[in-house]
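You will see two complexes here that share subunit A, one where it goes with subunit B and one where it goes with subunit C.
Presenting the complex of A and B:
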């Protein structure tokens, strides 16, 4: 070191640290923290958890006063809050304790059916909710103790197989099995248990959508606080420790098997609580509400929000439920649907780096579209280009306010034989071809692929929202996982080998 | 300090363990007295880490007895053995990497604390008191390493620590279980000469200040020489020598185990 070099400062600044210096890893985060996204993330991290929850509850509490109608309050409000509670419960099992529990939806069902047995004309029992809800939670927790005890030595894939089997066995128990108890089918088979009583707490009946919404909001807020507090306690630390390294946790005085079963039971009780509320709202317990497709939504919420993050589960529930509901064909939101689709596509493309490339691809796609449209308009009949984009069997006139699409994408006015099917097969082929190319060739191939995706969307997918929802989910999750493997609010996991 | 007649803390009697046909520990007798530092040396594959796994209950021995303060540890699950007063570190660091530095040391106090999840969710005064104690104890254990771990923000994740500091954190985490005996598995592995010197002094302090009895596996003979009251040499699961460092280091059997017969013959 030369004479002129100033003495190193006491606190090494990021500029002076080198690879190999102790705090390098920590400082690398500080160095990265200059991008706008990182600044937002940093601000979010420094916001106290109480304020985050207050903000969520505040916005949620105001929703009944600006929701368009009772139907919206039902599908967006109640649906989201129910998913939020379920997501938080699943997060305890999967996020904190790191147990891949694919039987979670069965506990949701056990809660719902237990409530329905005790408060419906099925056996003519009409117990009050202050009794049936704790009973339902206890039943689910007991069943989970059984499942947890038998599979306590399993982790990862093996646990997933056992719990998935359990979930399937439960749906089998509900529908074809339907054992006879006291002269009646216990679960009501495919019809389920109809005419379930509304929740009746200490003589107060929750019947209107608004009452149920606020009940759910209180449940969600209390659950968020309880789970956050549990996570900050010795049990929460033990859960996270066993997620990190079960053997080390065991040797560090943590009874790993007991804590795994506790996490299972905790998640099961939360799921059962949600099940009781769900069944009291829908007034019927039906087997279809508790199958694997529902489980996928729970997992999508937890993964999107960030595994192990309570606020992530809340935000994940909002995103997943709302996009799911917008895509439901009977919910008439063609323009929102279109925004969701194009937004997802643009976000996916923008994840390509450097940023000039996605911009070029998007510009080229727009140009390509106009060119193709002009050629078709000039050479083929006008029936090929004058359809109504976004029209569906439910709403043939719905254009979603986007007639401009007609000048860019090809939307035939009448169905042309196999045009839609060819589009779809062409899109799949184009995606495969794009995946096989690399470099600039891949970017070039992206242009027609995107345009095909747009055509497939406008002509085929938008009309089949229920199915498209899952495609869009997949695209959203793939895009997010590529950019942020830890989810929106999760913290990055580091493995040192 | 005048020490009374040595009182055995950890006693292994006729301990045997095999994996299939491979005898890893063969009829081993070993006594560690209270406030003693005993080093276990031996070539790779001698069965040193297996010995630790047996004492901490990760493996069950085929034969023999393990006593801690006169009470048998056989058949107990590892977390119970830790609660009885045995703590260890791992040769291949096994920290809870994605938890913060202080949470690592707080998590290992699970067995020493009582407040259940219901009281934690309600944040009762009992939870508050215990949580304060847990944090204070964790800070105390981390402070043991002087400037080395103090310089860090304890809220920073464990993966951001350097290799040497991860070793120190493992020791702090083991100390937080409030053990009677500490089993250190190669505490100086991967450390530079300065750090190795520090760890030698630290192990001495662990006994002098912390009052722990220490059983240590170590390959670095400078460390072994610097810390050990007694050295035990293992080879193929058999105790081949025991005594002071000088006695063991010059024992022909030990030299043979490390260097082969020819070297022993020419010595």
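Presenting the complex of A and C:
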């Protein structure tokens, strides 16, 4: 390449491009490398993996000592660690080997149900965990070997379809089918299997939330180390090779099919391990825990963190679980929820490039809001503007200390027919219109769109946290794929076929 | 497993020939619906090699657009309305709305990913699934809606047109099968005989070459999404008219089964989607009746997995040569 040749001495003015080097591209890349985001990313990449893991484990290990209460430790701590472990397992299949495994959640379920069958009153078996956990992992790995072996020649989409249908068939097997074995339903149907034993390792029972938390933390750390070394090994290199180009890998005498099945089984075993821990924590295996909406959370974690990045899976798990939990209507952090929403929006707006534009948009939105509010208050009466922002059925007075929003956003005191639905449909239409426009028109359209988003949030979305969470996950997946398909910490330009 | 076999034999005895005929009727009606949804999958897959998971939810939104029209038009002054114009309005609104929805989805979720890795549009499609389902869940409060609660449609369900073997066939059944046959014929005419159809076939064959020959491929792809989604919208209305229970989760599973139909018939082939749809509809109905309703999904998915393993190109699909 021409990079090795010395630059031509004559007149390096920026107007004339040199041969072989596009000055515009070079300049823009140099400019991009100086942005704070790029510097942080560069620093992140240069940090050794061991230090990242140590930092994560250090922070996580201290969490039980500063968590507000046991409930927080349960939903934030244990939930995040479980998602982190699951995300790392999925990462092996999707990220390292490049197989789109949409039946991952079924292996999670197989692990959970195997454990529940062997240590619960269902068949009055109470095997110790040092036997049941390996058995559950082996069962899941065997099933995945069978599935993987039969579909080993399937590529890309077809593998995704087969695994997705396997996952669907599994959930139907759990709930409506529920075959009779030894006189009772094998899977317990819609009720699942209750009263599962806690994990019992060599006589030590893990029952309190704190004990379970540290058990999970150890599992996550060991998994991260194991997956890191697996990725560095001969097998890991072969996985990456076949992910980039299976044909070339095969020509290089890499046993492509065997390695794909290995990755598949590896992921299945990790999922089953997480399933056993999950079921011992929640003390019941229910079919609703293993359906497609759970799968989408796993994928959101892996995709957000970055496909093929172990540390990305950890960060993705933290972000996804915490946002999911903050959006839950029952939790007692209504103000956190609001700040998360507004903060994310403002951050997204600020990423628009000359800085003056987002500032203009935000200022215009604030002005627009006051204007609309004044008009509505003057014409429609006070019943339209005196509601409690963000109030929910669980907590009708919970404004999260933000009554000031009433002076700016329209929050009707009583629901006016289809007002909320109209708001939502209007918001969707405004987003689509904004996406279709370009240049200054787009900025102008952004102002009412943002205001509509605020109204929809205060009147409708904040009350329906769980639905909003899925809505935002969906939007995040679409937006991330369009803007930054490699995720936060993934390496760019990985071709997965 | 042997218990299942006994159940099947018992059921064969108890259902008898007349019952089997009723199942055949139900299966064909269901299959006609699957065919229409399968066509959307097959067209999009043929042209973009994209598995459009969101298509099943477009179908669901189409069914809800029918509900929307009904609440606006038929709510207060119900049975006084003339039936035929109402059904035409239902179809028109739902097909147009779903078509536009399909184009919007393509524009925002898939067009930016034209040259991205294969996994990217699949993830994006899953994202669209969740946006659509959550939106409808929000807007409808996760409620169940029934078309046949509206007294306008009584005439569709009450009188049996024919009564062979004591099994009534009502107007709704005929409407579903007839409309889907008409729509498929129209689609075949469009694809095989018109300029747009030629452009679509060219784009499906080789997008790059087609665009070099002056085909505006982006517009052709948008048109494909419009047509496929409009068919799904029509199927949504027909679903409401014949099977009725509409709620926000109806789309995903239904879409998966329709996709099964497209794969079994041979993906990329219009006749294949028809054939596969009817086949899956029959299999599901008969499996539901003979093996017990709890097992029918497992049977359908099992068939699909076996089909993919032994004949991934489907019944009518051509053998694709893998490009290197």
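Here, the second predicted complex is superposed on the first by the 451 of 497 C-alpha atoms of A that agree within 3 Å, B and C clash if a C-alpha of one lies under 4 Å from a C-alpha of the other, contacts with A are read in each partner's own complex, and residues count from 1 in each chain.
Everything below uses one rule, namely that a residue touches a chain if its C-beta (ideal position, glycine included) is under 8 Å from a C-beta of that chain, and two chains touch if they have at least 3 such contacts.
None of these values were measured; they are calculated from a predicted model.
Legend: residue contacts after superposition of the two complexes on their common chain; A:229 is shown touching subunit B, with no touch to subunit C. Of the two partners subunit B and subunit C, it is C that touches the larger number of subunit A residues. By the touch criterion stated above, A:108 is placed in contact with neither subunit B nor subunit C.
Using the contact criterion defined above for the overlaid structures, shared-chain residue A:266 touches subunit B, although it does not reach subunit C. Of the two partner chains placed around the shared chain by superposition, neither subunit B nor subunit C is touched by A:206.
In the superposed pair of complexes, A:482 makes contact with subunit C only, with no contact to subunit B. Applying the stated contact rule after C-alpha superposition, one finds that A:247 touches each of subunit B and subunit C. Of the two partner chains placed around the shared chain by superposition, neither subunit B nor subunit C is touched by A:76. After overlaying the two complexes on the shared chain, residue contacts for A:299 are found with subunit C alone; subunit B is out of touch.
Overlap of the subunit B and subunit C interfaces on subunit A comprises residues 247, 494-496.
By the touch criterion given at the top, residues 22-23, 25-26, 225-227, 229-230, 232-238, 240-241, 244-245, 247-256, 262, 266, 491, 493-496 of subunit A touch subunit B in their complex.
By the touch criterion stated above, subunit A contacts subunit C in their complex at residues 94, 98, 100, 150-151, 154, 156-158, 160-162, 164-166, 168-169, 172-173, 176-178, 180, 247, 292-293, 296, 299, 303, 307, 421, 424-425, 428, 432, 435-436, 460-461, 464, 467-468, 470-471, 473-478, 481-482, 485, 494-497.
Listing the residues of subunit C that touch subunit A in their complex gives 3, 49, 51, 104, 107-109, 112-113, 116-124, 126-135, 137-139, 252-253, 256, 259-260, 263, 293-295, 297-298, 301-302, 304-305, 308-309, 312, 324. Interface of subunit B with subunit A (complex): residues 56, 58, 77-79, 82-83, 87-88, 90, 93-99, 103-104, 106-113, 115-117, 120-123, 127, 130-131, 134, 152-153, 156-157, 159-162, 165, 173-174, 177.
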